[in-house]
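Okay, handing you the structure first.
Chain nomenclature is as follows: A, B, C and D, assigned in order of appearance, with residue numbering initiated at 1 for each chain independently.
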Amino acid sequence: MTTTVPERPAKPTSPRSQSQFGVAWSQFRKNRLAKIGGFMLILLYTLALFAPFIAPDGLSNYSTSNITRFHPPTPIHIRDPQTGGLTRPFVYQYGQQLNMDTFVNEYKPTETRCPIFFGVRGDEYRVLGLFPGTLHLFGTGAENPNCKVYLFGGEALGRDLFTRTIYASQISLTIGVGAVLISTVIGLLMGAMAAFFGGIADTLIMRFVEVLAAIPSLFLLILLRSVFPQDINPIFALYMILGLLAFIGWGGLARVVRGQMMSVREQDFVSAAQALGAGNGRIMWRHMLPTMTTYIIVTLSLSIPGYILLESGLSFLGIGAVEPYVSWGGLLSQAQEGGFASITQRPWVLIPGFFIVFTVMCYQLLGDGLRDAFDPRKRQ
Amino acid sequence: MKKALFVALALAATSASAAPFVYPAAWTAEQNTANKRGGELRLSILSDFKTINPFTSAEADSIPNTMAGGAGLFAQDPRNDEFLPHMADAKPVVSNGGKRFVVKIRQGMKFSDGQAITADDWITTWKIHADDKVGSNSYDSFFLNGKPITIKKLDNYTLQFDFPQVSAGAYATMSFTPWPDHVFGKAYREGGAEAVKKLWTLGTSPSQIVSPGMWVLESFRAGERSVFAKNSNWGEWNKDSRGNALPYLDKLSYRVLGDANAGLAAFLAGQIDTVGMRNADDLAQTKRAIDAGNLKATLLPNVSPQAQSSWITFNWNKASDPAKQKLFRDVRFRRAMSHIANRKAMVDLALGGLGVETYFSVYPIFTQQIAAGASAPKYTYNLAQASKLLAQIGYTKKNAQGYLVDKAGKVLEFNLSTNAGNTTREQLGRIFADEAKKVGVKVNFTPIDFNNLVGQLTSKGEDRPFDAILLGLSGGDNIWPFGVNVTPCGANLHSYNNPTNGKCLTSQESLMTKLYYQGDAELDDAKRRAIGGQLMKAEGELQPVIYLVGGNYHVAYNERIGGEYPRALMNAYYLQREQALTFVK
Amino acid sequence: MTHQGEVLLAVNGLKTYFNTDDGVVKSVDGVTFHINKGETLAVVGESGSGKSVTSLSVMRLIPMPPGKIVEGEVLFTGKDGKQKNLVTLPEAEMRKIRGNDISMIFQEPMTSLNPVYTVGDQIAEAVMLHQNKNKKDAMVVATDMLRFVGIPAPEKRVNEYPHQLSGGMRQRVMIAMALSCKPALLIADEPTTALDVTIQAQILDLMRKLQSEVGMSILFITHNLGVVAEMADRVVVMYGGRVVEEGDVVEIFKAPRHPYTMGLLNSIPRPGEYVHVPGQPKGRLEAIPGNVPNPLNLPVGCAFEPRCKFAVPDCSKAVPALEDTGQGHMARCIRWREFDQAQHEVSA
Amino acid sequence: MIPFLLRRLVQSIPTLLLASLLIFFVIQLAPGDFLTPAKLNPNISSEQLAALERNFGLDRPAWQQYLLWMGNMFKGDFGLSFQYQQPVLDIIWPRILNSLYLAVMSLVLFYSIAIPLGVYGAVRQNSPGDNAINVVLYFLLGFPSFFLALIVIYFILQLRNATGLDIPIGGMTSNNFDELPVFGQMLDVLKHLIIPALVLAISDAAGLTRVIRGQMLEVMRSDYVRTARAKGVSERTAIWKHTFRNAILPIVAGIGGLLPALISGVGFLEVVFAYPGITPMLLTAIGTQDLYLIAGFTVITTVLLIVGNVISDILLAVVDPRVKVA
């Protein structure tokens, strides 16, 4: 016995093991801005999903007898002007007259008060095209059809801009995501194929990626759009734009996927899988693609805002969503058609533009947060 | 007496050159007594010029039309609508029951390149326009009721016009612009129509361009600006009432501005001198700028109704879709469509309240003619009546989406196009489509490119490539305000029915064609208007084209330019000024 | 070899903390040591023990923020013979010291040279900065220095870019750059870790040779005790941001007084020559169990306690003091005396 | 250098061929052929149509048509524009040049905004200034450039009204352009370019600023910058000579790839500012299905972009010695 110094039994030390996503999630949760961005996006998407319910009016409703062209936003009053006491929220009905001196169509509140109800029956709709309903979150009911709530004012034909903006979010918010998803699938497939098969497939795919990168995307879009007839079904036009956006967008991802795969392919676990007789497809999906998840999540979240902007640009140039459907870009382009009057006399028509700004910002915050969360170097 | 003597003296002094045409002092509200000369009139256009060639040009705002300013045998006097001899030396000698006109040409006139303007130039221009291989937009003007107008050169300075029948529009017809024989005549004789079409493209150097009128092209920058310089040879025979050569200005420039808003912005910024006021918004913006002291300009709202129409036409030549062809040819359907057109809403919504409802091809500014046709039928906004008419055709049932279906369950629908970028028309179409939906008619409304649209509209044949088009027309004259290329069957813009053989399909069409030429041949104003009234009645019954609304004409111009018409002469037809009398203060 | 008594650099109670989102990391927590003139001091420890931060603190190259020297002094006697406290020296003065009085070479020769400038440019930059020479003269010095560190064909190499050189060559260039102004102190932060074993030996040889020629002191940072034995006069062992043992290299190798040092010594393969740790079979390579403690959450007491085989309840009560165990040998362990006994027993 | 250029050009030939093939394929997809719209145009005679059909081999199989089109293109014949009745190249070349002026001007402004801001953000990381810039950039990132342009035009109009300054807000030249001396003409064009270029630069700069800031932060943490500091270099030298020079390498490498996006971005501004660039013309061409014009333009731009890529390769070789050019 040589021991003079007493020892204690060795403690099993278990380092806290966390999955990659667990680590990322805990990192992400610390990023306040990213959380706000994510939360706001959830809110926006919820609004879009329930647009017909939240919007007080139908997508393309306006009166041809009671002119509400560029109706100003109606303030919601909660105090009775006579008694000063609290009352059911209400808006005033507005009267409209063209001022022949200034040529401004002037709206003035009349004495008529229109109480606002929650859960009123109104325009018919289908949520997600499936569930029919007539219930609207709020509205003035059917008592006085000439009296409506104009949260964001009215547009050129007198349609409720709030309603149109909310409906437009359905297109603006999904077209970006849809295009990114499709282009991601194409990009993944193409990149993986290039990496896995190599040789001619690789050369061809990569050359094609180069070609897509070399032709300016706006012109490629314009050119592709010119292939389709101009007077097509509005719904089909939307799918087409989705497809076109996806088509021009997959190149970058394919390149990265290929690069990553090339390096992953050399790694041992793939060889092991091959040695065990796993098929090509199986190896690709089971072993190689998971290594890309981080990159994909981050790229997805960062490229969606780009697509939203691009879609708004296309709508602005008149090759986007077609009436009666409308996207934020389309609403903005309608505002632009009004010229300076849009800014000086009815600035509310620019509100859809700020929805674009806001959404893109949220996506950026979220995307940056995700990137930082997944990037080990950004951790301290 | 004194005036005559002065003219005689002037004649004696410049025996070699021409007796000048004197622009009456009454044509301007503001005399250029200080004799200000020089400067530039800055205008704008919405799309780039497509050609310099007067024979292939089709647009109203074009380089040839600008150069043609002040170049015609006769010029209409805005005071009384009468034609004054301009390039003609005197009133023509009329014979053969009002069908033959012998016109003396003013001597000593020169093109911008110094070559004399003679009878040959008119003859050549006429020949080229009337050659269908050239495809000139003015082709129809040289035919009356399918028969050609012929022009003969009696001597170098005498022309003889022979009309196949009496025509009230003879003076207007004779007032086409003569283009240089030494350019076009030469090419035409050597290479025919093809050679003419190759001349004066946008790639041609402006130095080779020759003008008979007050302006000549000086420079052309694609997509940016075209500048015209005054043709001083023109000034030798065009004088103001004090004997000064015209025009006062040195230059006229057109700036290409992508859209009407850019035009308004440029006007508000003082970069261009005048711009069309489209609607109340434009007026409000301009008024604000003037009131704020940012812009020194004159704004004259609601000067007159517009000299334009807007309408929806249905294609009767759809061999590929017999059901639709039958529908569009059914007068009940078209009347129903007129009942659907909510013209009041269109005025209020699309024109901002400044405009009038229209039911006939006659522009609202031609109030005398409109009054003469007061008894013609109007199919005013009435959805119930529309439903009734559609039910008569067989559309009684509605499907789940609320659209009318025929017995086979086929939805009552058609495509309606207009030109993209014209906000007003897009709104008119939107309102029409939305009202149609209320009675269960599905209107697929799409704005498409203008040129494409015009291509569809003017196509000929048994199967023309459109259902319905919403568009507008302008131009024409106030003597006989029905279009020669619109009303008669077979004409270029007889938009609803344009088969290969150009034949009428209905009795009303034939009647309208007959009445058109009858009215054109009637020289008495009141009688002619009465014929016009009958024509309007046929038009109203047939409803070949659904007329919608017309905006008001407003005038705005920068204070730096003077020489505009007196307020009483200004209107949508004569516009705001003579370019020749315009000067920079 | 050592010039006893002439202290070149004295670090007293140095504390360098980093502010992170998760809290304050006490990377260096009250470190005290000194280097004598001409002496080589090795600082030894695992990654994260604070040795690199200590050296960067001396140079004041800690990125601030998030880092901050919160306490302590670094007394340095420069070439001008004046003693300065580097912690409080104005930045402009400090810049004059860097590269001139104190130079530094780093662990990664592959990444420590700027890829877009020639090696000559990079050496000359230091010369121009501190010796008032023009570009041309500085390039001559650069060529001389390259020759001095044993790079063949220095006239050619001076115009080459780092990517054209091998790792060993680059480390020679780094040394040439560091020595170009004849510094009084060279801080070598694991200069051989990234190199092949044969190259390692060459570089160490070179450093020894140059040290004797230039007459500078070296602060040698490493986790490799084999290198320590070869290079150092004295050794400082760091753990968890603190010095746990300090002393003469021979003494420490012979009789470590801290369980961590013992662990380190037993984790290097030295055939036939292992320090016998009580309770262990002889001659076996041994790893220290567990990981370096989370710097955000250091134990209240001895930082090594969770991994220590000899820990007793008292260990976790307070941080043990650094005690003199005789002959300039210091250790921070409450049971060092027992190891002393054990050691004697073993050696007996 | 020259062999490098040659090799690079040879390498780009397949890309060009593939691009032209793609464009040709897309056009083949369109209903009808090149001449369908021309057939609707009464100004084009049947002889002319027949001549065009022969010229472009429209009666032959698609692959032969492609070869013919390519062959004609190599001879500099891009076909005829149906709108303008003129050879395509004559019409689009001046427009492409105009667009390039705007693109280059905007690129210059783009870098001169993004670089200082990005470097500042990295050097003063998390300072109030950095945070303020970040907030503004996040905000700008969401602005479609045309929306920003709309707002800018409005404010310029107000400014003009308030100060009487003659700030051009549209077009490319002033009315008196043709009378100006050469230098005056250059200045005049520059004056017209600056506002749209600035709007584009600002709306795009957000992205690059963030990239530069990130790159700078990364390089600032690198070993060789620490080496430089250990040498005792000044802060300015450490940042500009050692950090910045390396931080921009990926950006220089990306300039070529940036051009397509830039040309596209320029398009929106051209529309808003009534600038005689290529996009307004192209939009009309789409409407009129002036396909030779569209196809010809796309091919020319692709060539320009490949040239741009080569230039950025050369630039990269100049700034990064690790890139071999020999």
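Simple rule for what comes next: a residue touches a chain if its C-beta (ideal position, glycine included) is under 8 Å from a C-beta of that chain, and two chains touch if they have at least 3 such contacts.
Bear in mind that the values here come from a model prediction, so they are computed numbers and not experimental data.
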- Which of A-B and C-D has more C-beta pairs touching across its chains: A-B
- Chain centres computed over CA atoms; the one at greatest distance from chain A is chain C
- Note on the structure: Averaging each chain's Cα atoms, the one nearest the global Cα mean turns out to be D
- Query: Approximately how many whole Å separate the CA-defined centres of chain A and chain C?
  - Reply: 54
- Query: Distance-wise, how many Å sit between the C-alpha centres of chain B and chain C, to the nearest whole number?
  - Reply: 92
- Chain-centre distance (mean CA atoms) for chain A and chain B, in whole Å, is 47
- Item | Centre distance in Å when chain C and chain D are each reduced to the mean of their C-alpha atoms | 53
- Flagged in chain D as touching 2+ other chains are 157, 271-272, 286-287, 289
- Sequence positions of chain C contacting 2 or more other chains: none
- Where chain B touches two or more other chains simultaneously, the residues are 259, 265, 268, 420, 448-449, 452
- Write out the stretch or stretches of chain B touching chain D in their complex. 40, 42, 47-48, 50-51, 56, 58, 133, 135, 193-194, 197, 201-203, 218-219, 221-225, 227, 253, 255-259, 262, 265-266, 268-269, 271, 289, 292, 294, 420, 448-452, 455-456, 458-459, 465
- Flag every residue of chain B that touches chain A in the complex, lowest number first. 259-261, 264-265, 268, 280-285, 287-288, 301, 342, 344-345, 348-349, 352-354, 415, 417, 420-421, 423, 426-427, 430-431, 434-435, 444-449, 452
- Task: Using the touch definition up top, name the residues of chain D that touch chain B in the complex.
- Result: 37, 40-43, 45, 47-48, 83-86, 90-91, 94-95, 98, 153, 157, 160-161, 169-173, 175, 177-178, 271-272, 274, 276-277, 280-281, 284, 286-289
- Note which residues of chain C are touching chain D in the complex, please. 59, 61, 63, 65, 95-100, 103-104, 106, 108, 111-116, 118, 122, 125-126, 129-130, 161, 163, 174, 177
- Query: Which residues of chain A touch chain D in their complex?
  - Reply: 207-208, 210-211, 213-220, 222-227, 229-230, 305, 309, 312-313, 316-319, 329, 332, 336, 340, 343-344, 350, 353, 356-361, 364-365, 377
